[in-house]
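The following pair of complexes shares a single chain, subunit A, combined with subunit B in the former and subunit C in the latter.
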Partner chain A sequence: MASEYNYDESGETWPFFILAILSLFLIPLTIKYISRILSNENPTLYNESIKGSINLKIDLANKDAIEKFQNKQKSSKIFNKTLILLIIGWSILIYIGKYVTKEADLTGLFDPYTILDISFTASEKEIKSKYRKLSLKYHPDKLPRDLTEEARQQMEQEYIRVTSAYKALTDEAIRENFLKYGHPDGEQSTVHGIALPKFLVDGKYNYLVVLLYFVVIGLLLPYLVGKWWSNVKSHTRNGLHVNSASNFVRAVIDRDPAKIITPKTILDWILESEEINQQFKHLSKEERLNLVDLHFNRKFDKEREDDKIELISKLPFLINGLIDIAVAFKLQDVVLPAEDVKKCVISATPINGKYHEILQLPFVDPKVVESQDVKKLGKLFAITEEQAKAALGIKNEKEFKIAMQVASKIPSLRILEAEFKVPGEEDGIVPPNSTAHISLKFLVKSPRLKSCPDIDDEKLKDEENLEYMKNPLYINEKQPSLPYSYAPYFPHPFKLNWSCYLINQKENKIVEDSTKILLENIDLSNLEISQEEWIDEKNENLVISTFKIPFTQPTGQIGKYHYRLIMKNNAYFGSDLDIPIDLKVTAIPLKNLDNLKKKLEDIGKEKESDDEEDSDSDISDPEEDSLAGALAALKGQAVKKKSKKVEEIDEDEEEEEPFSDINTDTEDEGDN
Partner chain B sequence: METNLVYDNKSKKITLSDSSNPQYKLEIDQLNQLTTEIIAQGSDVPPLPSAENFNKDLSKMIKKLYEGGVQAFKMNKFEESCKQFSIGIEMINRRSKFESFQLTIQELSLFLMSRTDAYLKNKQYLKAFNDVDLLLNMQMNSPDNFLRRGVANFFLGNYEAARSDYQRGLSFDENNQRLQHELNICLDKILEENGDRL
Partner chain C sequence: MDEQPETTQENIPISIITPLIYVGVTLSLFILFSIIYRRKRVENLSHMQPIFKTNYNSEIYNELKAKNDDPSIKKENKVHEKVLKAALLRKAVESIRRSMKLKEFESSFNKLYQLGLIGDDFYKQYEIQIKYQELEIKEIVQEVESYKKGWVQTFFPLAQEICFNEALRRRLKATDERSEVLTELWDLKT
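Our next item is the complex of A and B:
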């Protein structure tokens, strides 16, 4: 019997089909929606669980405007199109699941074991006895007389089933049929249902299906694909509008090389980006600049406050977009001022001047601060409280306390060790062409703490387990994540992090192929310990942090390379780090290779003894940059210098300078 | 972005018809200067720049100015020295643009280095910084130039910038005593400014 296609006449399967399709969309969407709401955690609560975080609330004049902005953001997270879609989707799903689906009819299936009610392992004897019992019950001759015609028919049917089940298990031919086709009578007709109810296909509703096909294929599909494509075309992968991105690229490439890129330049570029142009059509460039200036000076303007907050909240994202582009062009002289502008936006401090560290604190009086000498946070804790109060220009005792509390919790990084490492190599040796990473060991330090404890070298060693050998960067994730940063002037909360850039000292450019690397996990608990605990080297509570930075290139040939690591905090001034790191690539002290060489030498000696005459004479010393040369150099043997050209060029330059003895006695002339 | 350019047939110069696009002014000025010089120089194609057709008269005058500047410097007349070097730089600027650029830049960098030193001595640190910054932007990456910029930065109060200058200088010459010495002073100063100690 051939198989045939049927419409789903009784409406059995199409609800399941719709259920499957619906859940395919609904479940991922729901998970995404819920996780997005859950990610909306409360920064205050989150920070409470983290040691060294700043959890102070202050009341600002624009408190209401900021709250309004935050609530708007929150509600747009919960009440959006996704929610409507979810509600409709789930209600259809529940309706179909509950009312439309019918239990599948399994009577068509033939299973002799169920019919006879025996287990699969039953022996022939058991089958026989069971069959006998059942046939006694259903046999037409044994039925009671007072049964209705209908019941009698049913019983007879049942008898036939029982008999064929019995035969399927005992009779050879029938058994064969059962095994092959799943039925004792041989092949059955297969019915393939199409998951559309019959009333929709035949009959008066059939135009609905045609209409549906037309809407889905003719309208919806082109619309969705078109929308997706235009989105892909209009935004970069990081969500930056393509027009902004191309403007940034143009600005970065076309910049006048004789001009230094200042924070002001960066701000100009950002305020002309497409996102700002679209959202703030009603503001001219000057008005935008004025708003940003208001923010930098921590001033408020009731009428324009909403605009100001919207504008400010957009800036860091755009600056990050610019930074990504500048990093691709390896231009550190764009990246660094851009990072500074970002911080100014977040901490609401003016983009120029040297008092950022002090001005980032709450309640300070900029006029007073800029007229005195204290520029660094650390200095605030080195002078008396009265002096500090005068330096900050805060009169209110409570406000002063809060400002100092914030100051004491701004972390700085005190480097203990910074070097290139190759997992598995002893004593920090970096062999040529290996995959190295930069290993930073540092202490998180509060400006309140002075001096630095001596840390035993043993404590700086990484545990060389299997995971470390496979991927040394796993250590980064093992440390606790950073808290939300303290930025009361910035409209929405964000977590603290450091962006790291590796710069090649020779070229003064960001290293090829490297990207911005984020440091997001550090234990800040050192911020809460006392001075005594800090300098006590036996203190167990002192946390030594580790950060591993991937080095994108294989290490080059033997030699010394100079790099500079810059780590920029995303919120605080005074937390940045800028250190030189040298990469010294040395030959591997291979013991095996050494042995090999000895063997070779032994063989050589044997030969020499064979014909003594042509000894050393025509075997010259190995050249410096050959493998043999490297081995010889390791053993302290003579190596030929290949060339002296490079050095000569340097000497030429020196001669031309008449004032190599410029007097720069920095100590004598003191503080100018 | 659209701009109207006007070409003057007599003077062979290009002018911007409206002043709405100031970013093009520099490029147009440069173009006009090249045009003027190519006309003044007589032939259709300027000769290949070489050491031979380098203007020797100017070289002599420039050299004299240079010696004058050095003389003044040695006699501690720094202001006078700055002036001499400035005139020298002005003169180098006047050289025909079709002369050997390699030689011009050599002269210029020598003058800039000397003028930086004179400015430093004269305590005009901002001017000194500008000169040496230009040198470093021209990739004159000698340790001495880093020393100069570091010192300028130090006296301008940019201790962190001074530190990174010294450190970058050291990456070109690790054993430079002078740089190391200044770096130590600078590090102490940073600690002091931060109210910290070792």
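Our next item is the complex of A and C:
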């Protein structure tokens, strides 16, 4: 290669270089920005399309403050640093693209097809005829006389190009040159260039380039990467500040297991988290507690309203962060009060007391409510309207109507069936070491509906199709998603869901490796049906909902295990669920095993013969394969289980025993 | 191929020092960075709130021990050996409790760290705490041996028993408080 480089004196290349780099950043950023704005859906509109949702607007005393907060959030979504960056970036891009870049000089490129204006598939005849036509037009002898000298020369040039293009396609030697080097005259000299003007590299300004290089590579890059990294490190994967996370862990570890964790304790932990400390520096801990208390009591304070709303809006996120940590520690006695606090924050009800179900309704008078006997939503509909009005302490007729309407649409779950299931097994049989899930069949019930309809067992069976065998959890996603919840006192909208926790009764702890499971899809249309439809024997308009909860561990040895399933609604009181579920692991009957073995052999034989005969049977193979595989696995385990395996596992358990003994002694006894 | 005539090129003399300077600058930058980074990290760690609250048992023992070792105090004013032994026992009890807690939560800590739910620094602190606890036990063993050879065999089982007994007592004593807390929680005024 020549030691001399071409410099980009006329500025041909570097604009493209910059364009490429800019668009590399700008395009993904723009897509992200736009998709974030578009994700802003309107909860009222969304809820209108969902049956059983609550779509009532009420005017609160702090309406303005809430609106202000929401508008601030909305505008911060649109007008932020990203927008400035995008505007600057795109304007530079457009400026460069429009004014600085020069038309690329393509005259050096030689393409006989474009010169002759024919397609790549043109035959020799076509080429010839086209060439004739063009040469007639451009041939020096055929040019009209009145042309200027300049035009004449151009025409001659064109003629040469046409001729060489024609030759490139017809003449063997020239064609070879063209194919090899891309030009009929043979190899063209290649040029290596630096996309910088010469004065910057060779001239006296070269130190500028060196300096720039040094600043970018040596200082700017490490600084940016470092900053990004420390930012990544300062927040956990869920977006919680690391200091908050550490504080939560410390609180969870060093707590006195003899003491009860109350919602109040949780609130104390949350209000000391780093996020709150940073944002509400100007408030002492008492003031923060006071603000939250104001919210719990649905009182308003004009001066501190903005602070209050900001503070309230932060809490559920922080509580969720605490829950994630507590779940990892398997501590249900932290998780459950935390869920309760979250609900109190969202529905603006006091954390203590037993009237949550009634107090969560809008317009109620807490003093009146707490002095009477009605505690459950269902009771409200069992008494007369006058009594209900008195119980709620609402004097205004319209407000009373709204409160009752809300009450009638707070879903409670009526369990029809809750058991461990293994896809492909006969009903209720759970073999050892199999992958099971909890199958929940329930009715969504409005408090206004009385008694429970009889449902045929047939209706509770899942359709055992291929998809179900592969992944029974797919049923969860097939149901319609839940609407936004009704929370007029909470500043921003969020969707309804249930958090599910599975608790091991033996240890009174959350099951190992299980996480918070969210129930986000249920059909709520039962909330809108009438009492007659509800108890109708044909159950025509009744929707039976299904929820499948993955069970993270294999089912283990033969025996009976006791679990407790807790489902906590994120917005409403009276929608929670707390039920015991027993897991009974049974051996597969030996008779069945023999049958299976025979079947397996038959299938194996069939397959062999199938394979020999034709290859068209491929389609049915995989299913047989997977079935055979599963059966083989079952068989293997069933056999193992009868042999020495049991003893080995027993020994393992014993080895672990001393530890769990210690642990239960020091930590758990007090929880009971 | 077109042979281009060799252009007369100006030879810029580059001294041998230039690359050396380059390497030197880069290396020193790296070293500087790593020193600052480490110093900052250690400082961060030292500023972190400890996992456990103040260990009074250990503080009491150390204070008594220091008094005992102080040559300026007269012999009759010195702490009786029995008191020292009792204090050491209490220190061991707390140490055992902490080790056990750390051990119990080991899998949870690892899980949290793997899921990225706690920061690096806090995990480091946890590891340091485990090590500290090991060292403390070792130190206690030495102390025990210094009072009476062979006492360790009975000392630790005893400490453990005290630890469990205390755990039980804590729960027993907490019953009244629990009922109070629950009364408040459920608003059961009597």
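Please note the rule applied: the second predicted complex is superposed on the first by the 436 of 672 C-alpha atoms of A that agree within 3 Å, B and C clash if a C-alpha of one lies under 4 Å from a C-alpha of the other, contacts with A are read in each partner's own complex, and residues count from 1 in each chain.
Note that a contact is a pair of C-beta atoms (placed from the backbone, for glycine too) under 8 Å apart; a residue touches a chain by one contact, two chains touch by 3 or more.
Note that the structure is predicted; figures quoted are calculated from it, not measured.
Student: Look at A:Lys354 in the shared chain and tell me whether it touches subunit B only, subunit C only, both, or neither; answer first, second, both or neither.
Tutor: Both partners, subunit B and subunit C.
Student: With both complexes superposed on chain A, which partner does A:Gly218 reach: first (subunit B), second (subunit C), both or neither?
Tutor: second
Student: Looking at A:Ser246, would you say it contacts subunit B, subunit C, both, or neither? Reply first, second, both or neither.
Tutor: Once the two structures are laid over each other on A, A:Ser246 reaches subunit C alone.
Student: According to the stated criteria, A:Ala328 is in contact with first (subunit B), second (subunit C), both, or neither; which is it?
Tutor: In the superposition, A:Ala328 contacts subunit C only.
Student: One more residue to check, A:Asp256. First (subunit B), second (subunit C), both or neither?
Tutor: Both partners, subunit B and subunit C.
Student: Once the shared chain is lined up, is A:Lys233 touching subunit B (first), subunit C (second), both, or neither of them?
Tutor: A:Lys233 contacts subunit C only, not subunit B.
Student: Overlap the subunit B and subunit C contact sets on subunit A and report the shared residues.
Tutor: The answer is residues 256-258, 260, 354, 659, 662-663, 666-667, 669 of subunit A.
Student: List the residues on subunit B that touch subunit A in their complex, please.
Tutor: 26, 70, 73, 110, 113-114, 117, 120-121, 123, 125, 133-134, 137, 141-142, 144, 147-148, 151, 154-155, 157-158, 160, 163-164, 167-168, 170-172, 174, 182, 185-186, 193-198
Student: Give every residue of subunit C touching subunit A within the complex, in rising order.
Tutor: Result: residues 1-2, 4, 7, 9, 25-26, 29, 33, 48-49, 51-53, 97, 100-101, 103-105, 108, 111-112, 115-122, 125, 163-164, 167-168, 170-171, 173-174, 177-178, 181-182, 184-187 of subunit C touch subunit A.
Student: What part of subunit A is in contact with subunit B in the complex they form?
Tutor: 256-258, 260, 354, 375-383, 447, 450-452, 505-506, 508, 560, 562, 564, 578, 580, 582, 653, 656-660, 662-664, 666-667, 669, 672
Student: Could you pull out which subunit A residues touch subunit C in their complex?
Tutor: On the subunit A side, the touching residues are 2-4, 187, 189, 218, 222, 233-234, 236-238, 240, 242-243, 245-247, 249-250, 253-254, 256-260, 262-264, 324-325, 328-330, 352-355, 370, 659, 662-663, 665-667, 669-670.
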